[in-house]
Structures are given as structure tokens and as C-alpha cells.
């Protein structure tokens, strides 16, 4: 898990820019969070749909990564996200769960909340996404690619 | 259009963080772009799905904003995006077109390209999105909200 | 509930053609099913994506209808469905749950299974959908419309 | 094309039940139609979202089939459809166009209209869909599967 976490959360440019950090990696799910700042908002001061979408997509990738082999990687093929209500708060977090792990495609559901990370009782769901990821052979230049 | 542009592109936190700028606002469409940097990438060095999704969503909002009244605003209700191929390049741009402008809902298609902004002949499509936006009364505290 | 059930499942042309029947209507969810016949299949002999999609959409409408006022109706604005695996079996069923009931929009998740209706332990999930429905005033000519 | 048409439109159970027929198969697109009857409607007398969705999905499959090899087949992995306006009319038709033909996945856009099949000037768009299809080896029992 150390390696998955490292690959997913320390080298990613957009992930780092948005301050997304891992809370928990399970055997078929993942929980991530970010501390909301001005750079996550839209022009009405709400959390931007793009922030919720990126968090949902990235967490789906983390969850899907728990169900692949060592030489494989996952790439988002498509996703759909519903913004359930105007979102504001200090912490935005996401739990993603693998619904189907196939040979070529994984399907993951991501639910995004404001409140206390990984604590449903103290959180409000603000978005839900269905994400389809393609299972591919890991790029050979993975280590150099983002440097 | 000056006001729409100002509202959409100068005050938005995430938009500014990603460097999204307006190229052209039409009567029912919009074109935007960003210059790709490390903070737009995922851990393989490709443009992150979240970057494409945010650009698609935001440009859809700009296009939809050309079809509302002065006291109204649009909020993304949901969107779906297909990442068509691994995306890399210097310029990422998007054209969004209103397919349906209803009383309560607008439906917009966004196509995302790498290449020369607003020049289809010198670009490659890398993502396509369908975006549903709710037409709402503009928040009264709009001016203070993001400050 | 008698009225909701009647309106949703007895007068609908496509619903009747596909043999969709209600299993259970809750306070924020609904369960429906159909007995699989040749007219539900695609050319490989599997259950057609359109059958799963229609069941997911219709059940979402039933669930959403439990959260509206007497003079209102719901219309599907959009939905997205993932077909998780090739589907075959005698009974296809769906449970839909309201994730968000807003003033103008309801968001519903539908999960489609083959197996024993409303019995998760004896069923396999074959599809999942997110459905956005618009809350509208009920058409006045509702009774005559389909005749 | 004779074979593709036969496989897609003559043996399919749901397709036959809904009366979907092929209008035109191109090199990367397809046009289909159906004559609207009571069995295509929902309980308000409008064309059911499931009818539009099934037509959009099936036509996407036809379009995608024009871009595969002889031993391959396509299966819908997921789709998203926006219902743009209440739909009624005598003829419902769809044009699907391949946006991306990959090794493992094809992405197709389907636009659904009421009016005169394959005649945009005499038609109104009522739905739009994005469809992701998996390219697979054709089932060996394809000929017997649906019989």
C-alpha cells in the first residue's frame, strides 16, 4: 500500500496542487480528503464542481488501484458526477468503492462529503459519481514521466 | 459579455488556480483554454482527467451563461465526461455549445482538445462531456461570496 | 401508494410492454422486477442494455415519486448507467433509492440485479445507474394523455 | 454491411419488440428509426425515456460495429443520456457517430430526434447520449444464442 499511496498521491501534479491526501486505503475502497481553500472555489464562493469531480475521480483511481496486479495501472475512461447540493465547509472528503473489478474495466462509485473525513455521522454528502477505469499495462517511463 | 467574462473567469478560485482563460464568448457557445503546466498532470505525466473535467464543466457554465437573464445564474447539476485518449500538449482548450436552453435546465456539450485554441484543424479532441446546469436566481451575496 | 403504483405501472405503455411490475414501494425507495423473455434480449442472447436502462430509469421514477407533493410529477432529465457484467437469468430486478430530494431536482441511484427480487443474498448486481429527475407540475391531461 | 445489419437488427429481441429498423449504415456512423406506438410511451403519453435510451444505445452499437474486425463484437459498457424536451411524434430516429475508435473501447455520440428520419431540417432533437462500448471477441455461440 505504501507504493500505491506514493504513486497516487505524492507525484501527481493536480493532486498536489489541490492538496488531496489519503486518509485510508482498504482492500477494495479508498478514502481521501482536502482542506478547502480559496483555490477550490467557484465565483459564488462555493466549492467548484471541478474540485468535487477531481476528488471523486482521483479517489476512484485509488480504490481501483487496490484491485490490479503489480505491472498494471488504471486510467479513467469516463465518469459522471451529480452535484447534490451547494457545497461549502472546511473539509471535503471522498470514499470510493469498487463495484466491479473486471479484466479490462473497473467500475467505482465515489461519494463526496463535507464534514469530518471518514466519519459519515458528522458529514453531509454533496456529490456522487460513477467512474469507469481502464486497466492497462503500467507505462514503463512511469517514474520519469512526471518529473 | 464583459460582465459575464469577469464573473466567470476573474473571481473563480479554481479557475484562476488552473489558469483557465476565455478565448471567445458567442451567443450560445464559449471557448476557453489553459497553458499546460505540471499542476495539471497526473502521476504518469498526462493531463489529469480532473483538469479536462474542470475545463469542460467551466466552459459549459460560460456557454450556458450566454442564455440566461441578468438576475439569473447557472449551477452545474451534473456532468459526464469521456476521456478519449491520453492527453498531453502545451495548450488544452475547450468549446462548449448549448444544446438545449430550458426554463430550469440547460444542457451543454463540451469538447476538449489539445492543440491551437479555437482551431479545429490544428487540434486533437481528447475529451467530450455532457453537462446539465440548473438555472437559478443569482446569489445576492455574489460579490462578497468569494472574497 | 395505491395511486402512485397505479399511475406508474398500469398505464405506462413501455412499462407494460416490458412486463415491469412493482415489488415494493418504500418512503424513499422502490423495488421493481420483470420476468425475462426473448423480447428483453439483444442479439447475443444477453439481456439488452436498453432493458436494464429502462428498468433503472423507471424504478428511479417510482422512488422519486414517493418524495413529491400530490400535484407534482417527475420527469427524467438524464441518467447514466454502467452495465457491470453480461446479464442473463430468469428475473431482473431493481432497487432505486433517493439520494437527494430537492425542490427542482431529485437524484436517485438504481441498482439492477439478476436473481430473486428484493433478496440481495440471492442476487448478482449487473448494472448501476444515477438518475436526475425534474420535479414538475403534473400534466392536467394526465388521464387522457396515454389513451 | 448486410451482415452487420442482419446481426444487429433482425435477431435482437428488444430491438424487434420496439420495431427499431436501420435507415443507413455509414463508415463511422449509423441512422435508425422506429414508428411510435403506444408501447413506446410513459404514463403521461410522452415517449418513454427508456425508448429514447434504447434507441440511442442500439444505434451507438450499430455505429461502433462499423469500426471493428470480423471476429469482434461490441458490448455497451455504459452510457449517459440527456432527455432534452418532452418527446412526442410519429417517428423517432437516431444518428450515432463514432467519436473515438480505440483498441479496447469505442466512444459514440447518439442524437435522437422526432420528425423525418435522417432529415435534420424536418426534425427536432429530443435526446443526446454518450455511449462507451467494449470491443470484445465475438461470442462463438452468437448464431445460436438468441434462438
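For clarity, chains are labelled A, B, C and D in written order, and residue numbers in each chain start from 1.
Keep in mind that, in the parts below, a residue touches a chain if its C-beta (ideal position, glycine included) is under 8 Å from a C-beta of that chain, and two chains touch if they have at least 3 such contacts.
Only a predicted model underlies this, so the values are computations on that prediction, with no experimental measurement involved.
Engineer: If I average the CA coordinates per chain, which chain comes out farthest from chain A?
Structural biologist: It is D whose centre lies farthest from that of chain A.
Engineer: Report which of A-D and A-B is connected by more C-beta pairs in contact.
Structural biologist: Result: the pair with more contacts is A-B.
Engineer: Quick check on chain B against chain C: do more than half of the interface residue numbers occur in both copies, making it same, or fewer, making it different?
Structural biologist: Since more than half of the residue numbers are used by both chains, the interface counts as same.
Engineer: Averaging only over C-alpha atoms, locate the centres of chain A and chain B and give their separation in whole Å.
Structural biologist: Chain centroid spacing, chain A to chain B, equals 21 Å.
Engineer: Between chain A and chain D, what is the separation of their C-alpha centroids in Å?
Structural biologist: 33
Engineer: Residues touching two or more other chains, restricted to chain B: which are they?
Structural biologist: Residue numbers touching two or more other chains: 77-78, 80, 82, 107, 130, 132.
Engineer: Please name which positions on chain C make contact with chain B in the complex.
Structural biologist: 77-78, 80, 104-105, 107, 130, 132, 134
Engineer: Which positions of chain A touch chain C when the two form their complex?
Structural biologist: 80, 82, 84-85, 99-100, 102, 107, 109, 125, 128, 130, 132
Engineer: Quick one: which bits of chain B touch chain A in the complex? Just the residue numbers, please.
Structural biologist: 7-8, 11-18, 37-46, 48-51, 53-55, 57-58, 73, 75-83, 86, 139, 141-142, 144-147
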